[in-house]
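Worksheet for the structure shown next.
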Amino acid sequence: MTVSANEGSSFRFGRRDALPGFSPTLGLTLFYLALLVLLPLSALVVSASGMRWHQALAYLATPRVISAFRVSFGISLAAALINGVAGLLVAWALVRYEFPGRRILDGIVDLPFALPTAVAGISLATLYGDTGWIGGLFAPFGIEIAYTRLGIFVALLFVGLPYVIRTVQPVLAELEVEAQEAALTLGATSRQIFRRVLWPPLVPALLTGIAMAFARGVGEYGSMIFIAGNRPGLSEIVPLLIVVKLEEFDYAGASVLAVAMLFASALILLAINLLQSWERRRHGG
Amino acid sequence: MAVDRRASPKGLGSRLIAVSAASFMALFVVLPLTLIFQQAFADGVSRYLAAIADPETLDAIWLTLLIAAIAVPLNTLFGVAAAWCIAKFSFPGKNILVTILDLPLSVSPVIAGMVFVLLFGAQGWFGPALAAHNLKIIFAFPGLVLATLFVTLPYVARQLIPLMLQIGRDEEEAAIVLGAGGLRTFLRVTLPNIKWGLIYGVLLCNARAMGEFGAVAVVSGHITGVTVTMPLQVEIFYNDYHTVAAFAVASLLSLLGLLTLLLRRWLEVEGRGAVGAGMKGLPT
Amino acid sequence: MISVTNLRKQFNGAAALDGISLDIGQGELLALLGPSGSGKTTLLRIIAGLEQADRGTLFIDGQDALPVPPRARGIGFVFQHFALFRHMTAADNIAFGLTVKPRAQRPSRKAIADRVQELLSLVQLEGLGARFPSELSGGQRQRIALARALAVEPKLLLLDEPFGALDAKVRVELRHWLRELHDRLGLTTIFVTHDQEEALELADRVAILNAGRIEQVGRPREVYDRPGSAFVMEFLGEVNKLQCHIAAGRAVLGKQGGPSVDAGTLPAGPAVAYVRPHEIELDPKTPVGACDTVVRSLSVIGPRTRLHLELGGKLIEADADRAQVDALALTAGMTVRIRFKMVRLYTTSPSGMGYWRGSDGTTGQAPIENIRRSLPYSRVG
């Protein structure tokens, strides 16, 4: 979130603002944040540096860790991309068409947000298990969903879908109908209108939504551990690996993992941000 | 200026999109919710009620409520203060402040819990000092509160900041000029304007506080009756194959989630923008 | 060039267009004027193909246009809120229509770029081609929108309240600029407005719409001097409205003390009389048709003085030359003699007949047959 810069009067040290309460609120905010956010997170960084660089890298290079990262990041990315497509379709239908039940559908979109993760977790695990409503449909074909990577994928689809829909929806709604009508009068076909008038403004929003779904997926724990299978090297996710390390009192190791995970996520998000601003500059935002 | 002109879907292509979108959503999202209640009541209403009345469950409910009762007001107070200084004033470093504010949302819940273990765990920074005074934070109630505070920290602030930015300073300035003091201005001018956004932010904060799993699981130790919250109780029941009990507790949490959803819808319609756009409109 | 016959359109059971018939000549600049809800935008959009008519016909250049989609009608459309493509530069916006042409008809990249520059010059925005719409002012945006519409060389230009979203000053500037552009290009143009000043100043002909029907079509001077109905009378310019009663071929204005005027062939019964503020003569030389009024208030507005006069218990406004008012040393409370130079009478029955005879002898009658035939258009130079 960026904060617009033109509200309030300038704060100069020593100059009094007409509105009171600045110092106490700022002080409280800084204190609270320092104590609850900065301190704990710095403990993480410090703890991770308990290992030397080469030790840390060697630690990260073990097969179990590599596999966990592949599972967490790879499947999150895949799910986020699929959610991108599906979410776009749903947002499109919600914004551009009127059909019975549209308002209900619009409300349902938020459901994965509203359900606590553990609740979603046991529900998804049961639903896609071999005897579950959906899992049971696939079991006769030898397809296992729960306790496999497929289960992780499905759970991430569930958790990440609203992110895409909710980021794309407002942008779609904001697209001027008149710009599309103008394109019509200028001779464009429906395909041309989609490709050149509708799609370009959507891209940044879509990327944002995908990025958010991805970020959420990587760190997701509660909805995952029930359906994931958690087999080291196969269906173990990074957050679970961290918990295992903590239980073994391998604080340094757990911290290294956590920092590596944050770092990798940050890199990917940065890449997506860069992609977005490039798009924006190309198309005048 | 966007004109809302929705036409009924014309043509097969459009109809197909609409229908497939609807069925996709329904399948994916509603089924898990329905399953929760189906499983909870699979053995009948009496079994359901028995599960809820189980002492373990009641302990978990009580603990969850207690944690929320501490975490939510604290974070609300913080949220209001943060929104006040960020939205009504201009100062350098505001963007950094807001980024820090957002951090708890962008780290995995496991990491959120883990950082407190690093600080207060047996081998943590303050571990020995705490042990010396016979104080327990990790695997005890304080740890749960801290972890919950961390993960729910941004919610109220995130809801209030865009709202207060949108509203601006004019009314408060008018009140000051008319002679009102700071607190009175806040209570009688600011508060009424932000009340729906504040309520919604508190609801979100509360929903997350009661439903948080990952962070709390890490600091909890799963000590029955002492550090087991409702989400953890769900896990315990489930892993012990007490399926009905697990889903019964889950159903309670789901109701909380649904209630939050419904209230949001209602606020959107009634409040008509009084809730504010929120940061990217996302509750999590 | 355009021939509309009996066009009808309903929205949600209410008639937006209730039988519109109109002819528009080649190269004409026509204003569609009317209050909100009168159907003017609907008519424009049907001509553009952005809406479908329920009934009626539309011929453009002799071809039936109703089944033709907007992209094939050869029109340019300019929207009130510009509708520029926000993610494209001004130049790309202008070039858009050319770049979406089918391969076979698409000009070369260079040809398109040249045309864009040509149009930027035409709208006097050279050098701003690389800017995005968000970097342009409202007036500039609308000019880009116009350039964009003109790029594909339409045979018909349609503007929907083109200046509605602009500041007053910019609105006036662009108004003159649009007229000049039209004179230069000679393109048949229809624009919609609710601003009568704009319509009267800009257009060759004005069509006044009300509740989905055309009240009158004619040259600006004509619709102003010879209003075809009470609606047109009230809509254009300022009016004083007086109830009156017609008996034996004469109408007595106001309750008592008002002058009586010739009512021509209007039937006996209640009627409405309209007098424009500037058609009230102060301190007339002749006593014919004169009456006494009391000055209630006056205010100086630039070179004119606005007087509020009481006539038979009713308040009317007069617009008079300041010098004359000063010469008469008028103040509130004084009595002043006035005379109406022109009074227009309209009956209140559905037939809405009207009649007037001015003190200088001009007479007129309403309703005036809608002039459907296009103006014989002669352009000089």
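Order of writing sets the chain letters: A, B and C. Residues in each chain are counted from 1.
The criterion applied here is as follows: a contact is a pair of C-beta atoms (placed from the backbone, for glycine too) under 8 Å apart; a residue touches a chain by one contact, two chains touch by 3 or more.
This one's a predicted model, so the numbers in the text were calculated from it and none came from an experiment.
**Student:** Quick one: label the inter-chain contact graph as line, ring, star, complete or other.
**Tutor:** line
**Student:** Find the chain most remote from chain A, comparing centres computed as mean CA coordinates.
**Tutor:** Chain centre farthest from chain A's centre: C.
**Student:** Starting from the mean Cα coordinates of chain A and chain C, work out the distance between those two points in Å.
**Tutor:** 55
**Student:** Please report how many Å separate the Cα centroid of chain A from that of chain B, as a whole number.
**Tutor:** Chain A and chain B have C-alpha centres separated by 17 Å.
**Student:** Touching at least two other chains at once: which residues of chain C meet that condition?
**Tutor:** Residues 81 of chain C each touch two or more of the other chains.
**Student:** Find every residue in chain B that makes contact with two or more other chains and list them.
**Tutor:** 1
**Student:** Residues touching two or more other chains, restricted to chain A: which are they?
**Tutor:** Residues 176, 178 of chain A touch two or more partner chains.
**Student:** What does chain A use to touch chain C in their complex?
**Tutor:** 176, 178-179, 181-189, 192, 196-197, 200-201, 283-285
**Student:** So in the complex, the part of chain A that touches chain B is made up of which residues?
**Tutor:** 1-11, 17-22, 24-26, 28-30, 32-33, 36-41, 43-44, 47, 86, 89-90, 92-99, 101, 105, 107-124, 126-127, 132-134, 157-158, 161-163, 166-167, 170, 173-178, 208, 212, 215-216, 218-222, 226, 238-240, 242-243, 246, 249, 251, 254-255, 258, 261-262, 265
**Student:** Going by the contact rule at the top, pick out the chain C residues touching chain A in the complex.
**Tutor:** Residues 48-50, 69-73, 75-77, 79, 81, 83-89, 96-97, 100-101, 132-134, 145, 148-149, 151-152.
**Student:** Touching residues of chain B toward chain A in the complex: what are they?
**Tutor:** 1-9, 14, 17-18, 20-22, 24-26, 28-33, 35-36, 39, 78, 81-82, 84-92, 94-95, 97-98, 100-104, 106-111, 114-119, 121-125, 146, 149-150, 153, 158, 161-162, 165, 168-169, 172-173, 176-177, 181-182, 185-186, 207, 210-214, 217-218, 231-232, 234-235, 238, 243, 246-247, 250, 253-254, 256-258, 260-261, 264-265, 279-284
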